[in-house]
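Let me begin by presenting the structure, written as structure tokens, before commenting on it.
Naming follows writing order (A, B, C, D, E and F), and every chain is counted from residue 1.
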Amino acid sequence: MSGIAVRNIERVAQDVIAGLEEAGVATVHEAQGRSGLLGSHIGPIYRGARIAGSAVTISAPPGDNWMLHVAIELLQPGDILVLAPTSPCDDGFFGDLLATSAMARGCRGLVIDAGVRDVRDLKRMGFPVWSKAVSAQGTVKATLGSVNVPIVCANAAIAPGDVIVADDDGVCVVGRLEAADVLCAARARAADEEEKRGLLAAGALSLDVYRLRAGLVALGMVEQ
Amino acid sequence: MSGIAVRNIERVAQDVIAGLEEAGVATVHEAQGRSGLLGSHIGPIYRGARIAGSAVTISAPPGDNWMLHVAIELLQPGDILVLAPTSPCDDGFFGDLLATSAMARGCRGLVIDAGVRDVRDLKRMGFPVWSKAVSAQGTVKATLGSVNVPIVCANAAIAPGDVIVADDDGVCVVGRLEAADVLCAARARAADEEEKRGLLAAGALSLDVYRLRAGLVALGMVEQ
Amino acid sequence: MSGIAVRNIERVAQDVIAGLEEAGVATVHEAQGRSGLLGSHIGPIYRGARIAGSAVTISAPPGDNWMLHVAIELLQPGDILVLAPTSPCDDGFFGDLLATSAMARGCRGLVIDAGVRDVRDLKRMGFPVWSKAVSAQGTVKATLGSVNVPIVCANAAIAPGDVIVADDDGVCVVGRLEAADVLCAARARAADEEEKRGLLAAGALSLDVYRLRAGLVALGMVEQ
Amino acid sequence: MSGIAVRNIERVAQDVIAGLEEAGVATVHEAQGRSGLLGSHIGPIYRGARIAGSAVTISAPPGDNWMLHVAIELLQPGDILVLAPTSPCDDGFFGDLLATSAMARGCRGLVIDAGVRDVRDLKRMGFPVWSKAVSAQGTVKATLGSVNVPIVCANAAIAPGDVIVADDDGVCVVGRLEAADVLCAARARAADEEEKRGLLAAGALSLDVYRLRAGLVALGMVEQ
Amino acid sequence: MSGIAVRNIERVAQDVIAGLEEAGVATVHEAQGRSGLLGSHIGPIYRGARIAGSAVTISAPPGDNWMLHVAIELLQPGDILVLAPTSPCDDGFFGDLLATSAMARGCRGLVIDAGVRDVRDLKRMGFPVWSKAVSAQGTVKATLGSVNVPIVCANAAIAPGDVIVADDDGVCVVGRLEAADVLCAARARAADEEEKRGLLAAGALSLDVYRLRAGLVALGMVEQ
Amino acid sequence: MSGIAVRNIERVAQDVIAGLEEAGVATVHEAQGRSGLLGSHIGPIYRGARIAGSAVTISAPPGDNWMLHVAIELLQPGDILVLAPTSPCDDGFFGDLLATSAMARGCRGLVIDAGVRDVRDLKRMGFPVWSKAVSAQGTVKATLGSVNVPIVCANAAIAPGDVIVADDDGVCVVGRLEAADVLCAARARAADEEEKRGLLAAGALSLDVYRLRAGLVALGMVEQ
């Protein structure tokens, strides 16, 4: 199954992607039925970025970043690189040189269930990364993997062209065919939350705003 | 033991709480005989906050944040929410909406041996959280827990009304009845440290300042 | 093997150390054949510092910081303290008072496979630390260890006088006798990277810049 | 996406399953291109069992085992239950009573990225389990999940009806449609290994048996 | 709070302890409202033992087993030693010599949120231990802790004289004053389980035995 | 530093090795001043073996077992293979075929800070392994490492020809030049322990046998 690079993949329309980016990880995750999150061991190397884009997926052997070079050739502006090692690995697969190249191709960021390095440079360049580790450990270019095949990254199934949303809360994947519907649901949820935020800020109790009291009584909650 | 919410709890006087906040986690921990720390896997979601307040304790099932809603109703200004799941869980029990509500009730912050989300918003709002994880994972409201009962949170026993002190070094709990004495000891320690800091800054060796040389000789330390 | 403090150790020339500091962890690690990294569980308590210096090594029992006091007496300006506990420990061996003393002696920073505290103060003072944990847990002064003996810290062998390089990517050790050669190799690598960075920023593909295409064909990479 | 139970799923022919069971995890994993392994944090609760069967998949909320009860009704003889929690959880979802019921329905075993309990009874009954944890922590029946939908379990994508192979080395999944081909490849590999085992047992060096010397020379290996 | 050894503690009647031992960890945990479990990182060093006894509690500094010696003097036949380090530690606090002494005093076993050694001997001697780690790392006798004071061990609050139940599923604590009531509830639960086990073994579905179908319908479970 | 295989290494005399094997890990560790232990995450794949032998060291890239094949050619009867990956890795570097070959060359066992597979076969063959993980994950033969060079394995420095002692308590390394002295100290310790074991079994208290009471009084231990 390794040794394959798929050049042409389907992508979601840019306005849908932009809408999901605006909604953010938590809202998108809720809007698609509390699914799609990557494991919480994947976090941003610096805080404050929020991105969405089409996944260019990479399956790579541990300690071997050859396929990242292959993937960069296949990037289109707005894409996000997503790398899953074929077995657990913390090595630094990616640094400022690859980021320079990826940015030159219009890449929005990287999600990787492994390590990255040159993190001070990456922050300075404004190239956001969500990773499992920061590690300077160098990698080789000796064994094939694949690009733009379905992968499992940080316990989430991701197909090429799926939408990746990433911010300070982590990373969420949205299936390509569901993206438009999820956006609708996310916008509805955001509007509802906006209304509730106003009530709560004014001092209303969430037990009332969410109508949670009856359930407590039904299950026998006791106040002492 | 679940399904109980206690409305009225005893709290420590505000000036004692303010004094403990000023002393900070490390000094308070030392002042009460090197005890009271929560496990170091509990850290701040952003750096720079230092708070102290009375614990409103929450025991909640994994993946279920219903009891947080119950607890918010019981908050008094200056309180700190402290949540321990009944089994290990990283889910995002708390986000910007609950923070909006808690702040409206005068809550100072949250300590949680689980996850939180909307961390960019929480930082912007100035609502500090010490948590085990950042995770966007949503939770349900289906099973009862309890509020204001004794809990064990991150390997520390906490009773409702105990004083919580939290800063960049982590979280420490001070028993309600010991708080005033601990404050005295903390102030004495801080004064002593201030004096030693001056000596050390001037170049004195800690081996002399703390009179550590005799012990080294007694145990046979050898210089080569 | 414990209970020994070695006063006089050989150090590397300051200009070599300064050169290694400028090169940084990732480049130095690559320049010496992808070796010398400490485990990636050792990270900076705050971002943005980059230091290099001569290692003053410390072997200490768990929960006992006595040897840090001994080591501070042996510091020379520009040195870096490096502490390995004799068994795994997260306690806070070091805080603002010891940092005050170490800075007064010209110490550049601390690398510790254990915990530190007073991290807000340490950042304010500009005393950088790379540690396994942040923990307020206090320590005792009851059992001997050793200073300036060979240690293994975070899975890396370190001798007194070896050069420590540390930045946001982690920590790397360079053998004292190899330091000058490693600096040469690091400078050559940095120059080569600078050239490649220009090509990549201009849109060249790394597959071409690094001549990676022939190898892909040889191993049977397939584009679909 | 939750709240669905699929009654009828396609299964692989029993002789193919039996063949994969005989081959075992390591050989099957190699035969399908070094893929399909679940994370190595999933291990047997007792050693010595080797099973294969059709996956009946379960997606369950943390701390809620309701869907296991739903799944048991859908079991056919020879099936294996495979449970992935919707967020990380170590609770004991399964014990001797559910094992009694599953065995009565012909179930071969359980793979679960969470905890189990009554492990002494499970061993005595001969009901093998591969789990993340042993934990007596009880679970509730309050929130819906799904049965026989595609899941990601321990970082591996599993569809209902896929073949699960499990032994002391861990757990491997084989896609339903690839199972027959994988069996062919596994048998070829096993035959080849049998031949090599004889050579190696007789004292031949693997450098010769696998013809590994030329590559070493080509890359510059030096013997000193 | 350290430096205290309490000689006389209250213990639960032996017949109650014997009943709890027979019930086992999972049943006792359920019978007291799904509470009392120690963290699942505490496991048996060998399988097959099931014990219950009165807790003799120990609070000890990391890497220092002095208080175990103090505790052994305070043992009464049937007691169980329970040790919590004051900060996380994996060292081998206990081995065959201390086990020889403890057995001579009638001790039933050890629960320790740290490491033990000589595990082959401990198994041969039939002295069961539930620990966080197996480690040969030696410890010192240099700093005081306390014996028979309230502790938190593996995230569970334990008072001296509480009943400890331990088996292959882990460890559970039962409050001294609740022990008799918990035993009643445990026996009722065991009887109920025995009845259900018969039904399930005969092929009845747990959906029917536990009357779980109505709830599924109410929440909208769909079969496809 | 990679790409080197050293054929001729110095080894310790067989009778010294046999003596250290008899002493076992805990005693040897104590006899050399509580040093030499590998991290406790390295454990036996099956219980009951105790071995000692000369280390044939291997430094290997993650996911690449080529150097194991090189090392097997350099084995002499009684040797133990010791593998450290150049970065953290859980892959299954070693299985029954390599064990067959190693046994044919007289190898006593394997210590590896990574994974192994075919563990049921390894147990059946009586080839003991101490590893970080059990994993069926296959490895490649693509990148050079080195054999018989100094390594750091599981946080311990090991030189080729050092003595490895391994049993159910873990793994300990003894420097080649210190081995004879350590054996003397180990035998003295074992004799002393034998005497104390008799006293303790007869009911003497370790507080008296080890003369620990005076120290308790000096530090202010209080009995209540």
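Here is the rule we use: a residue touches a chain if its C-beta (ideal position, glycine included) is under 8 Å from a C-beta of that chain, and two chains touch if they have at least 3 such contacts.
In this text, all values refer to a predicted model and were calculated from it rather than measured experimentally.
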| item | value |
| --- | --- |
| Both-way neighbours, i.e. chains that touch chain F and touch chain A | C, D |
| Pair joined by the larger number of C-beta contacts - C-F, D-E | D-E |
| Rounded Å distance between chain B and chain E, as computed from the means of their C-alpha atoms | 28 |
| Between chain B and chain A, distance of the C-alpha-averaged centres to the nearest whole Å | 31 |
| Gap in Å, rounded to a whole number, between the CA centres of chain E and chain C | 42 |
| Multi-partner residues of chain C (at least 2 other chains) | 34, 37, 40, 86-88, 90, 135, 137, 143 |
| Interchain contacts (touch definition) - all pairs | A-B, A-C, A-D, A-F, B-C, B-D, B-E, C-E, C-F, D-E, D-F, E-F |
| List of chain E residues in touch with chain F within their complex | 3-7, 46, 66, 69-70, 72-73, 90, 92, 95-98, 100-101, 104-105, 115, 117-120, 123, 133-138, 141, 143-144 |
| Complex contacts: residues of chain A adjacent to chain B | 25-26, 29-30, 34, 37, 40, 43, 47-48, 50, 167-170, 172, 193, 196-197, 200-207, 210, 212, 215-216, 219-224 |
| Touch list for chain D against partner chain A, complex | 1-2, 32-35, 37, 39, 86-88, 150, 152, 154-157 |
| Residues of chain F touching chain A in the complex | 61-64, 86-91, 135, 137, 140, 142-143 |
